[in-house]
Amino acid sequence: MADTRDIELTVNGESHAANVETRTSLGDFLRHGLDLTGTHMGCEHGVCGACTVLVDGEAVRSCLMLAVQANGHDVTTVEGLAEDDGTLGALQAAFWKHHGLQCGFCTPGMLTSLTAFLRDNPDPSERDVREAISGNICRCTGYQGIVDAALDAAKTMQQGS
Amino acid sequence: MKPAPFTYHDPTTADEAVALLATHEDAKILAGGQSLMPMLNMRFVVPDHVIDLNRIDGIAGIRDGGDSIEIGAMTRQRDLMGDDVIAAKAPIIPAALHWVGHFQTRNRGTIGGSLCHLDPAAELPCLMALYDAELTVQGPEGERKVPFAEWPLAYMLPSIGPDELLTGVSVPRWGGNTGHGFVEFARRHGDFAIVAAAALLTVDGGKITRAAISIGGADVRPIRLTEAETALVGAAPDADAFKAAAEIARGIEAMSDAYVTSAYRQRLAATLVERALSAAASNLNGSA
Amino acid sequence: MAVRYLGAEVQRMEDPRLLTGHGRYVDDITMEGMLHAAFLRAPMAHAKIRSIDASRATALPGVHRVITHADLGAKYSHRMNQLYPAPVIEQDKTQYPLAKDEVCYVGEAVAIVVADSRAIAEDALALIDVDYEALPAVVNVLTALDDDAPLAHADTTSNLMGQMRSSFGDIEESFAKADHVFSAAFMQHRGGCHSMETRGVIARDDPWGDGLTLWTSAQSPYLIRRALATWLGESEERVRVIAPDVGGGFGPKAGFYPEEAAISLAARIMKCPVKWIEDRREHFVSTTTQRDQHWDLEVACTAEGKILGLRGKVTHENGAYVPYGILLPNSSLTPLPGAYSIPAIDVRVDIVFTNTVPNSPVRGAGRPCGIYAVERMVQVVSRELGIDPAEVRRRNYVRPDQMPYETGAKLRGGVPCIYDSGDYGALLEKVLELSDYNSFKERQAAARAEGRYLGIGVSSCIEDTGMGPYEGTTVRVESSGKVAVRTGAASQGQGHHTMIAMIVAGNLGVKPEDILFESADTAKFSHGVGTIGSRVAANVGPSAHDAAFQVREKALKLAAEVLEAAEADLDIEDGVVRVNGAPDVSISLGELAVQLTPMSAGRVPAGFDPVLEATSFDGSSGSPIACGSNVAEVEVDPGTGEVRVLRYSVAHDCGVMINPKVVHGQIVGGVVHGIGNALFERMIYDDQGQPLTMNYGEYLLPLASEMPRVDVTHMETPSPLNSLGVKGAGEGGTIPAAAAIVAAIENALTEFGVEIDYYPVDPQKLTELIDAGAAQAAE
Amino acid sequence: MQLENSFTVPAPPDVAWDILLDVPRIAPCMPGAELTETVGERTYKGNAKLRVGPVSLTFSGEAEITEIDTAARVATVQAKGNDTKGRGAASATVVFKLVADGDASRVDITSDIDLTGSIAQYGRASGLIDAIAGQIISDFAKNLEAEIGSAGDGAAEASASAAQTADTAATPTAAPDAAAPDNAISGISLFFRALWSMIRGAFGGKA
């Protein structure tokens, strides 16, 4: 019989209760348990970074964390990054402006990773940004649009604050 | 790529965890999960029980022990990087952690998990070898201390029983006019090093009074370059001395795999040991 | 008529959806009663299947069925059809959707488990007992044709799949009159697809309703519809294929895969929707890759470095089956002679079976290999004659006054390869300026004084783009005034929606946001092709342009009737037809559409179709030839063999740019893919045919941390072959990259006499070459 | 992969030959192996345990003596097993040839070993997997030698000349004595010595 647990967690400000199989990854739970399909599973071994989400504000691989481990924690996914009225956040807007995405599959992981990174590093160099996203693989863009977007967003956010 | 079924346990004390280990055959300990989870997802590792340490209090955290730094096994790599005590007393640790995976994995990855997984190319085991740190292991009969030199039995095989738990690490502080150097060669940022070299040098009156060199990735476990360390003591911290040490590094036993030969690893060891020593000589700080 | 959006840096209309997590990829789709599938795959490279016992797996709770070849029944027991038949294919080995009695590569599908969840299906895989009789495997392409080589297929007598030849001009004469003949042999290895979204399929079979519907992460839904219907022996009318949002394609998603056939049958057998999502380990062994190609060439030239002829032999690794005809070897030959006017060429290709995953094009297909070969030989001429690499190129380029220039090579289907337009010399000068090429020697000397080794490399390429025959578009004004635009071309991130909306909006006089765009659904647009070979802009561009123009004409004609005005006095702006000089007299496109609606208040004037709609298949009359010149600047660390790319400069000409922002993204992304091929990506098999690089820690995709900033400049030489003057841009970044990088590495290590005969260049081999060179210098 | 080992036994060929064919007796010499069932006179079922770092494998399978040439004193054993958790399979064809060596006998072992499935698909450990496979044979040789020796006149100072043996791989941290035919540890001990032999780069990468 499958080993399951009841968990409660907050996702994008909404609290959820669910019964999960303990072997289910946080990523699979978000996608198929809560239908938050913005989080993408790219490699399921923790290298590609597409599944990155924020747990209590810190960027983590949702393929390397069990859903049961998120019990009692606060999770933010790409669906939670826009403003409350639905307008794009500064980072999302910069991605749009600088053509920081093509197929869009790695994008959620890029956005969540950079959201945490820019919070902790408000004035990064290009080198800093490139190292920050070295744990997020993009096959389409060659990264340049993403790097430009991050640097531009950092400026915008600083002016904003 | 979904894990095979297992029974999940999340003890809240170390004793509880040890008791679970004692009562369950074929159990795996889940610390940060950055190494175990991929192996579970790929079904390389198919345990009947997973024992999650993340809800245990008291085995995480960093404490200044005066002549040592006391680190709980469940301390996240991220916290090691950001800690003031470590930055002041063992700056090589944050310097090396910069090379460990990516910031997303360092947010979860723990020092204990890395030392128990014991990947030959991992940075933290290489550093613990450098310091000859002392590990605290808790078992049914209580605690025992293990010097790091006796920790790796073999390839990814630490000297820990199936019913034992690594709870902490004690890193001795190097006083005096000490410098540090950590360099590694990996194909890409965050990859496992093909070879990594770490060095500590204490210099007094223009002469090296104490030296430690460890090499990761070259062998099935970290190597201490004791012969070179001995040779360095009493010498001036200059290029000739470091070249000599590099030649000794070239002679280490090294492994081959699908990607590179032992000869290349030996060549890298020589290059990187020389660079690590030069780096150490260039940041002697009078304290640390 | 002003095409207002053409050439504007319009932000993509796809993006807001994708940036907020509201894309819809195959794995995001769920259905009532849907079951989940996992494939049991061959664990060895070559074996006979003696028996399969699924009883333990079937007994597992949550498992609904285990399906093997035997369960498919006589009607579906045949091999899949060849997608691209060609006479040169001597052994046309295609796969069974599920292996029948022999497996020929690690990863070949053997059985499907259908279960309540993917996890349970994977649990069951370990419980299927297959009795294999291991057979010897052939892995090394260079020895695969030896007499004592194992055979990739038990029922054949040779591993030779077929032979091809590109031959034109008087090769004997060229070599006879040459001042110099130089030779070089080298191995080229290109990796796999590695789109961040793996493949995935959902199949639903409704025998009394829609028939079979496939949602699949693919580049060519129309090819899949044709191939699947053909294989099933059913009408294409009963098969609908939809490509939703697709997370990258790069070539390997352009085929028709065993899994697509097998999952279709699984849905039919189970009488419910079945989903299969390829996991990343499967991707390494079940999605086609490109892999090894060995070239052995001779070049004939004059003392001044004018190239007279090129001849030699290529050995091309095909993998275990032929899923994709000869597209790969063929596209390796057609780029010869590259950007140069070379009077005679004679190159032969042996296409060889190995017991590895079947091969197919990856971004650029064979073009990067063909261009690399030409550029290497130009490099050899430059080195041997001591002429600057840029100068050798100047002396050999096809000149603008030679356009249109027929090379003598043949494109697919034997069509002559004709360079339509371009100024390769001018393009080179642009990139030399962009890269500060002329001041490099000072940079190099300064670095050398600090003990650092810098090198620079140049390469030029042409790319045959816009492969026909067509990619149509339908434009229709709806009663709401919105404009429905439909095309077959699937997007895997190239921004088709934006590009086509720009063209239609500009032509028709509506806002781009009023375009309702749909693509890649065989039920919504009946005759499409697919997104491969940088073909969409040069095919959909013109058809969208033409269809929109036709609708505009219809609208103006109708408006003239309704408004009782002269057509010449009418113009359309933001979806409203106005009479010049009478601003209060107007009618919206929506109202015009209603005019044509039966029972509506309007009157349908005589001679009008009942709908403001047009469909066009206008495309390009031939292959527009894009071109590029690249300069790479690298630093090599002799201590480790590490290569760092410091600068990368591109001058590219893809004709008229529809959206420069999108073109720039295609070029930069393509360059990084090319750098990955040159330095990082390597799919390694052991001598038993076991794949060793099965995760992203071992198969090295390029990361942001190692990639340089890519500087791009453009020329816009319109193509005379289509109405917009556009050429394809999707692969122009990738094609010349490896040649530029390798040349730069050799340049950095000149004092060690390093000559590189393979890529990806790995640090260990570099250190060996450096040490050997140093030892020689010491003697 | 092909491996060749040999060892001498202080017993005349006719004696050693009988022992060699006594599978229930020699099976325990296979490191980490246990004989679970005798199926017919020449076919046997059993398990073999092996640990590679964090990965613990248990192969369950069958061994069969497929050829016995008493005149030439050549026996061929074919063994194959699947990991009980579906991670792959190992198969081996082992040919034992017994030749007189003075008043003792030499056993030449030629083995052809193949690993398949995910356990064979990890490049960073590929050198290691080769080494371990080689070690299985060499340990078997050592254990069998000890077994035969103990059955002989006791003076079993058989000189092992296996391709990879403990002494060629001696290290400061003494691995458990693998020569002891103790299955509880031999599974792990073979693993140790595989490493030491690998340290010497004895098994090159095959990139």
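Observations, loosely collected:
Letters A, B, C and D name the chains as they come in the text, with residue numbers starting at 1 for each one.
Rule of thumb we're sticking to: contacts are C-beta pairs under 8 Å (C-beta built on N, C-alpha and C of every residue); 3 or more make two chains touch, one makes a residue touch a chain.
Since we're looking at a predicted model, the values are computed, not measured.
More contacting C-beta pairs link the chains of A-C than the other of the two pairs A-C and B-C. Spacing of subunit A relative to subunit C, judged by their CA centroids, is 29 angstrom. Once the centre of each chain is set as its mean CA position, subunit B and subunit C turn out to be 44 Å apart. If you average the CA atoms of subunit B and of subunit D, the two centres end up 35 Å from each other.
In whole angstrom, the spacing between the mean C-alpha positions of subunit A and subunit D is 50. Touching two or more other chains at once are residues 119, 126, 279-281, 684, 686, 692-693, 695, 697-698, 703, 705 of subunit C. Counting partners per residue, subunit B has 1-5, 38, 42-43, 188-190, 192, 258-261 as the residues that reach two or more other chains. Looking at subunit D, one finds that residues 85-86, 118, 122-124, 126, 206-207 touch two or more other chains. Every pair of chains meeting the touch criterion is listed here: A-B, A-C, B-C, B-D, C-D. On subunit D, the positions that touch subunit B within their shared complex are 51-56, 85-87, 118, 122-128, 173, 175, 191-192, 195, 198-201, 203-207. Subunit B meets subunit A in the complex at residues 1-8, 10, 30, 33-34, 37-38, 40-42, 50, 52, 54, 78, 101-105, 107-108, 188-190. By the touch criterion given at the top, residues 85-86, 88-89, 91, 114-118, 120-124, 126, 206-207 of subunit D touch subunit C in their complex.
Those residues of subunit A that touch subunit C in the complex are listed here as 21, 23-24, 31-32, 35-45, 47-48, 50, 77-79, 81-82, 86, 88, 92, 95-97, 99, 101-108, 111, 126, 129-131, 133-134, 136-147. Interface residues of subunit A facing subunit B in the complex, by the touch rule stated above, are 2-3, 5, 21-25, 28, 44-46, 49, 52, 58-61, 63-66, 68-69, 113, 116-117, 131-132, 134-135.
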